[in-house]
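The following pair of complexes shares a single chain, subunit A, combined with subunit B in the former and subunit C in the latter.
Up next is the complex of A and B:
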């Protein structure tokens, strides 16, 4: 049963990624990316990371991709504004051939790990309680640094979007 | 199959390769951005599966910090795209060469 769920989610993740890379219109690519991200959220749930499953759906599918879709619709892109990509298929084929050794290297490196059952753990692994304990005990300084990063990103976005004499 | 770590690693490396393909083969600036997001997601999948393998919560915390960095990146990148699109009226990444040395000389 778990195998069937895993294969379905993996198929949707790869199909979403493939559609994102090959679609011409940005809006179709963004919708394919949502499929891929939701499938990855399901894989996180399969790995008993229940809190990260919710974070992935709320932050990625709910905030980041919605912002991306909003910007794509806001810009009102016409056909003549899209770049001409005549050699797209050729570059995709050459790139995938070049990337085969990279994938073989990664798979060979990880295949030396001893195999171990990755079933669903029942003892609260990945729950919000465990997560918060580790986050606020071991990772407090990175957590505070992330808040500074988010604040500076907010200020940067406001500075870019401001109307002044350089970008009217 | 879902019990072995290798299945997750193969899936994550395939997703990462799709992200690299999107960056090198496409010129649309939106698709380059989405490919970067896909690569971040593939790395997150590796972190979560290795965290499950070693039964450690630290990997999931790192994955959540990566999601926060991706959110900050989304805000800055998309506002930059809006400004560039208003100036150039194109989504081609080749026309965004204001900072390159070619035009300045």
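Up next is the complex of A and C:
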């Protein structure tokens, strides 16, 4: 049962990624990205990381892609403004051929990994409490550094967006 | 034993269906009648089946039938047919799924099995609500975009901007409640709200966190796209906003989805701030211990309330002619009231006479709590409607100012003070 769910979700994740790269319309790309993100969230849920599952939906699907869609719509891109991609299939085929050696390397790397059961871990593994304890005990400094990084990005955005008194 | 499991699960799903989907026609009726009341007119009250008007409730069913049987029309200008058809479904499904984690009674114990009394027995609680509230806006954005119409696109854009800005304030206002309760599980929160503060005030969220309650209620209005935050469909500027090009049941899904979302938001407001399914001063323990007296009170109260209601029907549904439709309807309604009373009293009486096993006590308590929850749900939905017909619509820039410059700083300040308070005085 879990295998079937995993395969379905993995299929949707890959299909979403493929659609995101190949769609011509930016909005179609953004929407296929949502499919991919939701499928990933489902994969997190399968790994019993319930907090990550919910946060993936709330933050990525609920907020970030909404913002992305908003901006794409705001730009109001017309059909004729989109770049002409006549040799898209040619490029796709060449690109996948070039990537074959790398893919073989990845498959080999996976096959050397020690086999472990990928089943659901014991109770409380991905819950908010355990997550918070790990985050605020072992990873406190990286957490704070990331928050400072985000804050500086926020301040920067405000500075750019602010109307200058003199330049109007 | 398995039979019990199956029947409880089916019961839970049916009850959450009734509270969300089944509430929609009642809410539409309530909206139109309350609007009429506020604007000093009657509202729809003529539609009837064989003389039965039920105060105009039949009108909602007539409207629904009309929507179902209308021609399924799609304008030629719509090019993205898949997204155009799919977006009402997104809105509806998301609105419906948000209701699934709301507990409408305390955990039910039958034999040695414990059941969570909510549509889906998962404990993600608030996170689940936030996730699907965030997802439902895709329906509006994509629908507005796929309509290939300037008004629709503007409506979709406005919805996106509004949801992004109010989700931030909503999430932050929830954090201070999470600090107080120390859990995200909604059932756990309601159980905490069953306690008493200083021995006489029910420890409801609105008493413990008044600022968070106000912030959350405002942002919940914005999340459901209800007036005064309905700029996404502001008909004075945008014709119909995101659903300008929609008709028949595609529009119907948007329409019903709005009411389901409103009902889900009301349910969450109740669960977080108004004590959920708890009857004030009677938490689950107290109810179980004093069930005898509670049933006695019910047996006295039910006939009394029915008499008042019957008098109200007599006063409001009367006509000088003896055999007028109104008088006939009033007579039948009164007979129905009598039958309901007899059935209720006989059930309660047998319960009292035969004595109650612990299972029967638990089931009766759960039913009482479901009724309490339903009454609170009706009241908060009424509040939503009341606000809609009282306050004018926000202007777009005022809406953004309110979200970013007032609600967000207030929410952050509230988290700060709550945190200090909890650290100093203990949870």
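We adopt the following convention: the second predicted complex is superposed on the first by the 157 of 168 C-alpha atoms of A that agree within 3 Å, B and C clash if a C-alpha of one lies under 4 Å from a C-alpha of the other, contacts with A are read in each partner's own complex, and residues count from 1 in each chain.
Everything below uses one rule, namely that a contact is a pair of C-beta atoms (placed from the backbone, for glycine too) under 8 Å apart; a residue touches a chain by one contact, two chains touch by 3 or more.
Fair warning: this is a prediction, and the values are worked out from it, not measured in the lab.
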{"item": "Subunit B versus subunit C as contact partner of A:61, first or second or both or neither", "value": "second"}
{"item": "Subunit B versus subunit C as contact partner of A:34, first or second or both or neither", "value": "second"}
{"item": "Touched partner set for A:73, first subunit B, second subunit C, both or neither", "value": "second"}
{"item": "Touching partner for A:52 - first (subunit B), second (subunit C), both, neither", "value": "first"}
{"item": "Superposition-derived comparison: subunit B or subunit C, residues of subunit A touched", "value": "B"}
{"item": "Contacts of A:128 with subunit B and subunit C, given as first, second, both or neither", "value": "second"}
{"item": "On subunit A, positions contacted by subunit B and by subunit C", "value": "51, 55, 63, 67, 74"}
{"item": "Sites on subunit C touched by subunit A in the complex", "value": "83, 124, 127-128, 130-131, 133-135, 137-138, 141-142, 145, 153, 156-157, 160-161, 163-164, 167, 171, 184"}
{"item": "Residues of subunit A defined as touching subunit B within the complex", "value": "2-3, 5-7, 10, 13-14, 17-18, 20-21, 23, 26, 29-30, 33, 36-37, 40, 43-44, 46-49, 51-52, 55-56, 59-60, 63-64, 67-68, 71-72, 74-75, 77, 81-85, 88, 91-92, 95-96, 99, 102-103, 106-107, 110-111, 113, 115-119, 121, 125-126, 130-131, 133-135, 138-139, 142-143, 146, 149-150, 152-154, 156-157, 160-161, 167"}
{"item": "Footprint of subunit A on subunit B - complex, ascending", "value": "1-11, 13-15, 17-22, 24-28, 30-31, 33-35, 37-38, 41, 44-45, 48-49, 51-53, 55, 57-58, 60-61, 63-65, 67-76, 78-83, 85-87, 89-94"}
{"item": "Touching residues (chain side subunit A, partner subunit C) in the complex", "value": "27, 31, 34, 50-51, 54-55, 57-58, 61-63, 66-67, 69-70, 73-74, 76, 128"}
